[in-house]
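One chain, chain A, appears in both complexes that follow, with chain B as partner in the first and chain C in the second.
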Partner chain A sequence: MGTDNPDLKALKCSKCGGGLVKSYRSEYDDEEEENVSIPIGKCSSCGQEYDQKTEEYYELFADDLTADKDNSVFRLGIKGTLKGVEYEIIGRIRYQDEDEWEKCTWDEWFAVAADGSYHYFVEEEGEVHSYEDYTPQSIDLESDPSSIEFEGKKISKDDAYVGRIVYAEGELPWKPEIGEPATMYDFKKDGAKFTIEQSEGEVSITRGEKLSYNDVVAAFGGEEHKKLFSETVTRRKNYKLKAALYAVASAVVFALAVVNCLTTTPVAGVMKTKYDLAINVPVSESGQSMYQSEVLYGPFELNRGDALYTARVFVNDSIQKMNLEWQSFRFLLVPEDRLLKAVNHQMTPAALKDLFDEVDAVREPVECYTFSGDFWDEEGTDDEGYWHESDLSVEDDFVLEKAGNYYAYLELTSQKPRATASIGLELKRVKSYRYYIVVMVVLAGLAFWNRAKARTFNAMPFDVAG
Partner chain B sequence: MIRSILIAALLMGGGFFASAYNVGYSTAGQNYISKHRDERKSLRPGYYYGRPGYGGFRGGK
Partner chain C sequence: MAAAQCTSCGAPVEIKNRFSKVLVCSYCGTHLKVTGDGFDAAGKHPKLAEFPSIFQVGSRGTILGKPFTALGRMRYNYPGGHFDEWFLEYDGGTAWLTEDEGTYSLFTEVEEAVEFPDITAVRAGQNVMVGNKKVMVKEKGTAEIAGAEGELSFYVEPGTKVVYMDGVSEGKKIAIEGTENEIELFTGRPLLARDIVKS
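Moving on, here comes the complex of A and B:
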C-alpha cells in the first residue's frame, strides 16, 4: 500500500495501456483569477490526462503527497495513555483534499483502546483531534438532495469535501485503495465536533474533540519530541511576553504623542498691528508680470525661549478667494531690538520699507528666522475627468532661542493683485511629537514580529499549532 | 526578556529626549544670524538671494 506498493511504479493508461508520466495543464483559477499550471498525470502514448478527480492521479503522485509521512509524534505500534486510557496505534490512512492542486493532506491514525474499542486521532496542520465512533439518535442522508438531517440539525451538502487516500499502513478495518474517494462533512453540534464520512455505500460517524498538543506529546512522544516540544512552548511563551511588552510600550508612546500633539498655546495679537509697506506693486520677471506686497506685523510677545513654535501662513478665503492663480510668500521673524536698531528707532513705513527692500543685503541680518512657501489653485482634466485642487496653507516649525518681542515680515508675490489682509498668520507654541510617532511605529513593529514568532516558532521537526 | 525591556526603555527614552529637547528642528536665534552674517560677507552689490530674480517665484526662493 502507498509508496510500498511496487504496482505504483508501473502505472498504465486505462485507455491505451501506455505509461503514465507527471505533467502540467494550464487551468483558470477562480481564486487567483488567472490561469495557473496544475499537476496532472498524462499518458505518454495517447495523451490521455488524469487529474485529481481520478485514482490514477493519486497513484502517480503518491510519492509527493507522502514525502513527509514520518513527520509525526504518532507511529505504528506506539502506545500512549490519554486521560487515563491506554491506546495503541495500529494503522494510519493519509488523505489528500481532492479540490486542492497543491499538497493538502491529513492523517487518520487508528488506535485500539485498552477495552478493545477503536479510536481515531486525526492530525492536520499541527493540530490533533481525537475521534470515536458515534451512533446518532437520528440521521437522514438521502431524503433531501441539498442537506443532511442529523439529530434535528440540517447540514448542507454543499459543505461536503472529498478526501482521496494517498497512503495507508498497518491494521485497518477495511482494505483501502490509493485514490479511493470519501465524501466528508465536518460540523459542530452542541459544542462537539462531528464527522460524517461516506465511501462506497458505507457511512461512518465520529464525534471528537481537539487535543492539547502537550497531552499528545506527553502520551505518544519520545524523549527527543518531549524536549523539543518543551523548548517550543517556552520560546513561544517568551515571544508572547515580549510582544505584550512592546505593545504596551507602543501604546504608552502613542499616548505621549497624542498629549504632545494636542498641547498647543496660541500666541496672542500676532496680526493686531499691521504695517502695509507695499501693496500690489507691478513687477516683471522673465517677461512675466506679477505683483508684490510687503506687510509687517507686530510687535507680539513670544514668551518662552528654548521652545518649539509653529508658524502658519494661510489664505483667508473669507477676505479674498484664490481663483486659478498662485501666490508665494516669504516670512521673516524679526526680534524687536534688532529691528529698532536697524531703523534707528524710526518705525515709519518709509524707513521700514527701505530696510526690508534691502533686507537680504544688509551685512547684519535683521531677522532671526525665515521660511517661504506658496499657495495655488488649479483645475484641469485628466482620464478621470475634471479636477480642481488648491493648497492654501503652509506651516513651519522652529525652536525659538530667546523669549521676547518680535515682528513678522511677509513678502508676497502674486499672479494677480491680492489684498494683503487675505493672507493670515498664526503662531503657536507646540510640543514635538514626531519622534514619538517613529518610536511608536518601531515598537509596534517589534510587537507584531514577536507575536508572529510566538505563533510560528517551532523546534519540532513537524508542524505544531499554537 | 531583559534585553527586550532594555530595548523598549532605550527607544522610549530616546523618543522622550528627542521630543523634550526639540532635536532636529531649525533654530530661530543666534545660529541663524551668525550663519547669514557670514554668508552676506561675500555678497556682491545688487545680488540678493531670496528676491525675484534669484530662483523661482513659485518656490519663493
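Moving on, here comes the complex of A and C:
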C-alpha cells in the first residue's frame, strides 16, 4: 500500500466532482504577525478550497510530504537485532502534523519480533523511539473537558495535536486511509514516554523509550549507513572535544584578563618636580568669586606605550582638609617634546604660565590626554536628620600611545583659597587586558561554533539527532 | 479424555477438556458439537489459514509461570484484519488468550451476569460502566467468526456476526463480545511475549 494505490488517490472535488489542483491562500499568521501564503487544494471547477483539515488536502500534497520517505535507516523487509530481539520491519505509516503548513512528518515503522509480537519504531527528526502497547491503571479521556487523566496525571487537552496519515506501505494492523486523522498526546510520566492516539474507532496507548541511534544503525543500517554514521559520530566527538578545549582556553584567558585588569604598577616620581604657575589667584565668574591655581608636575617617565594607565587626582587631607567647600580641576598630560617645542625650550614659570593660560587656543594641542572633575564637601539636613558627605577623589583611564617623558598640568579652581600641595596626583599602569579580551572572544566564538557543529554535523543523508 | 471418531470422516478425535462444547476435526474441518451421547456434526468448514502464531493446537508451556495447554482457537475477521482467541487449559482451569496485532491478553475471568452498556452505541474514548467498574472504551467494532480449530468451550457458527468492545479499567483489560444469542464479559491482563514460555 502506498501513494501509488489508486484507492487512495481520488482527487475529485466532493462538492462538484471537479479536479483538484494545488493552490495557495493568504492567511494571517499569529506568530509571524503578517499574512502568509498557505498551501491548499482547490477545485478547478467550483473553487471549493481544501485545507489541511481535510483528507483531500493530504491526497493532493502526499507527494510533497513523502519526497524524502526513503531517507531512513529503516526500510521494508529489513531485519535487525535490538537488545537481543530480532525484528523485521513489515510496514510503515507516515503522519503529518495537521497544524503545520510546512512539512512536519514522522514515521511509525511497524515491526514484528522473532517471538511474533509487534512493535513500533517511531522516527522523527533523527530520533528513534521504540513503543509497545500499555494498559494503564486508570485513564479518562472525556470527564474533564480541558484535560485527560492518566494514572493520576492530568494532561491538558491543549497539548493534543492531530496527525494525518500521508503515506502507508507494507503490512499494517489496519487499513489506513490517506488523510485519516488521529488525535495524539505525548507526555512523560515517571521517566517513561507515553503516547495516547485516539482515532474514530480506537484509542491506543503505548509506552516508549528512546533508542540510541548507534544501536539503530548497528541493527538496521547497511554498510554505507554504518560507515557514514561512524564518521558522523567521530566528527561530532572531535567537534565536542574542540569545543571543550576552546571553552577552557577562553576561560583561562578571561581569568588572565581579570588578573591583569586588577594588577597595576605605580608610576614613580610623578610629583617629584613641581612648578607652581599660579596660586589662589582671585577670579570672578558669573558674579561668583573663586580662586585659581596652576601646577605643573614633571618630567616623569611613562615607560610603556600602547598601554592602559589610570590617572587619579585626589584631595590630600593630611595637607589641608576640605570643609564645606568645592574645588574643580582640569588635568592635562603633556609629552615633554611637545611642551619644550611649545615654550621654545624656555622652561621658565613665566613661559609655562603663558602657554597654559592660552592652552585652549594653541593650534596644535600640547596635551595628549585630559580629564576634569570636582571635589566637594557638603552637609545638610533632611527627613532623616543631619548629613555630611564628601567626594575627594576622581580617576579615569587612558591609553598612552607612546612611551617617553611627560608633564602633568593641573588647573585648580576652588571656592576658598587652597594649598596646591593639597591636591595629589597618581598615575598607575594597568597591565594590558584588551588583547586578552579579544583572544577570549575569539576562543569563545570557536567554542560555540564547534559546539554547534558537534550537534549538527551529519555525514548521513538524513537527520540524525545528537 | 474421551476418544471417539469424527462423525463425518471417521478420523479419530479426542476431547481433552471436560468443559469443551465443540471439537473441530483436524482432518476434515467438521465442527462436532459435544453431546451427552457423543458428537453431532454442526457443519463442515474450511480449515483456518496458517498465519504466524505463537501457538498451535496442543502447544504446552507456562504463562506467567503457570502451566497451560492450547486446546483450540476461534478466529475472527474484522475490516482491519483478524484476531485469534485461544482456548487454554490453564492452571487447573480454563482461560482465553487473545492474539491481536501481535499483542497478547490473557482472560481468566468470564462473566455473564453483569450489567453491560449497549456496546453497539459506544465509541472509542468513551467512559462506560460495566457492573460497578468505570471502563474506558479502547476499541469497538464488529467481527465475523472466520472459523475454529481444536476444541472450544462454546460454539458459534462461522459467519456469525459478533459485536465486540475492548476497554481498560483499573489496569485490566475488559473485553465484551456479543452475538444475537449471547453476550459475555472477559476480564484479563496484557501479556508480554516473554510471559509465555513454550515447552
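Just so we're on the same page, the second predicted complex is superposed on the first by the 303 of 466 C-alpha atoms of A that agree within 3 Å, B and C clash if a C-alpha of one lies under 4 Å from a C-alpha of the other, contacts with A are read in each partner's own complex, and residues count from 1 in each chain.
The rule we apply is simple: contacts are C-beta pairs under 8 Å (C-beta built on N, C-alpha and C of every residue); 3 or more make two chains touch, one makes a residue touch a chain.
Quantities reported herein were computed from a predicted structural model and do not represent experimental measurements.
Participant: Quick check on the superposed pair: does A:Glu142 touch chain B, chain C, both, or neither? Answer first, second, both or neither.
Facilitator: second
Participant: Using the touch definition from the top, say if A:Glu200 reaches chain B (first), chain C (second), both or neither.
Facilitator: After superposition on chain A, A:Glu200 lies in contact with chain C alone.
Participant: Quick one: chain B or chain C, who's touching more of chain A?
Facilitator: Per-residue touch count on chain A favours B.
Participant: In the superposed arrangement, which partner chain does A:Asp115 touch: chain B (first), chain C (second), both, or neither?
Facilitator: A:Asp115 contacts chain C only, not chain B.
Participant: Under the stated touch criterion, which partner chain does A:Glu384 make contact with: chain B (first), chain C (second), both, or neither?
Facilitator: In the superposition, A:Glu384 touches no partner, neither chain B nor chain C.
Participant: Scan A:Asp374 for contacts with chain B and chain C and give back first, second, both or neither.
Facilitator: A:Asp374: touches chain B, not chain C.
Participant: Indicate the residue numbers of chain A shared between its chain B interface and its chain C interface, in ascending order.
Facilitator: In the superposed arrangement, which is not itself an observed complex, chain A uses no residue for both chain B and chain C.
Participant: Under the stated contact criterion, what part of chain A meets chain B in this complex?
Facilitator: Residue positions touching the partner: 238, 241-242, 245-246, 249, 252-253, 256, 260, 283, 285, 290, 292, 306-309, 326, 328-330, 333, 358, 360-365, 367-370, 372-374, 376, 396-402, 413, 431-436, 438-440, 442-443, 446, 450.
Participant: Using the touch definition up top, name the residues of chain C that touch chain A in the complex.
Facilitator: Contacts found on chain C: 52-54, 79-81, 99, 101-104, 123-127, 134, 136-141, 168, 170-173, 189-190, 192-194.
Participant: Please output the residues of chain B touching chain A within their complex, sorted ascending.
Facilitator: Residue positions touching the partner: 1, 4-5, 7-8, 11-12, 14-16, 18-20, 22-23, 25-33, 36-37, 40-41, 43, 45, 48-53, 57-61.
Participant: Could you please specify the touching residues of chain A with respect to chain C in the complex?
Facilitator: Contact set of chain A toward chain C: 112-113, 115-119, 133-143, 173-175, 198-205.
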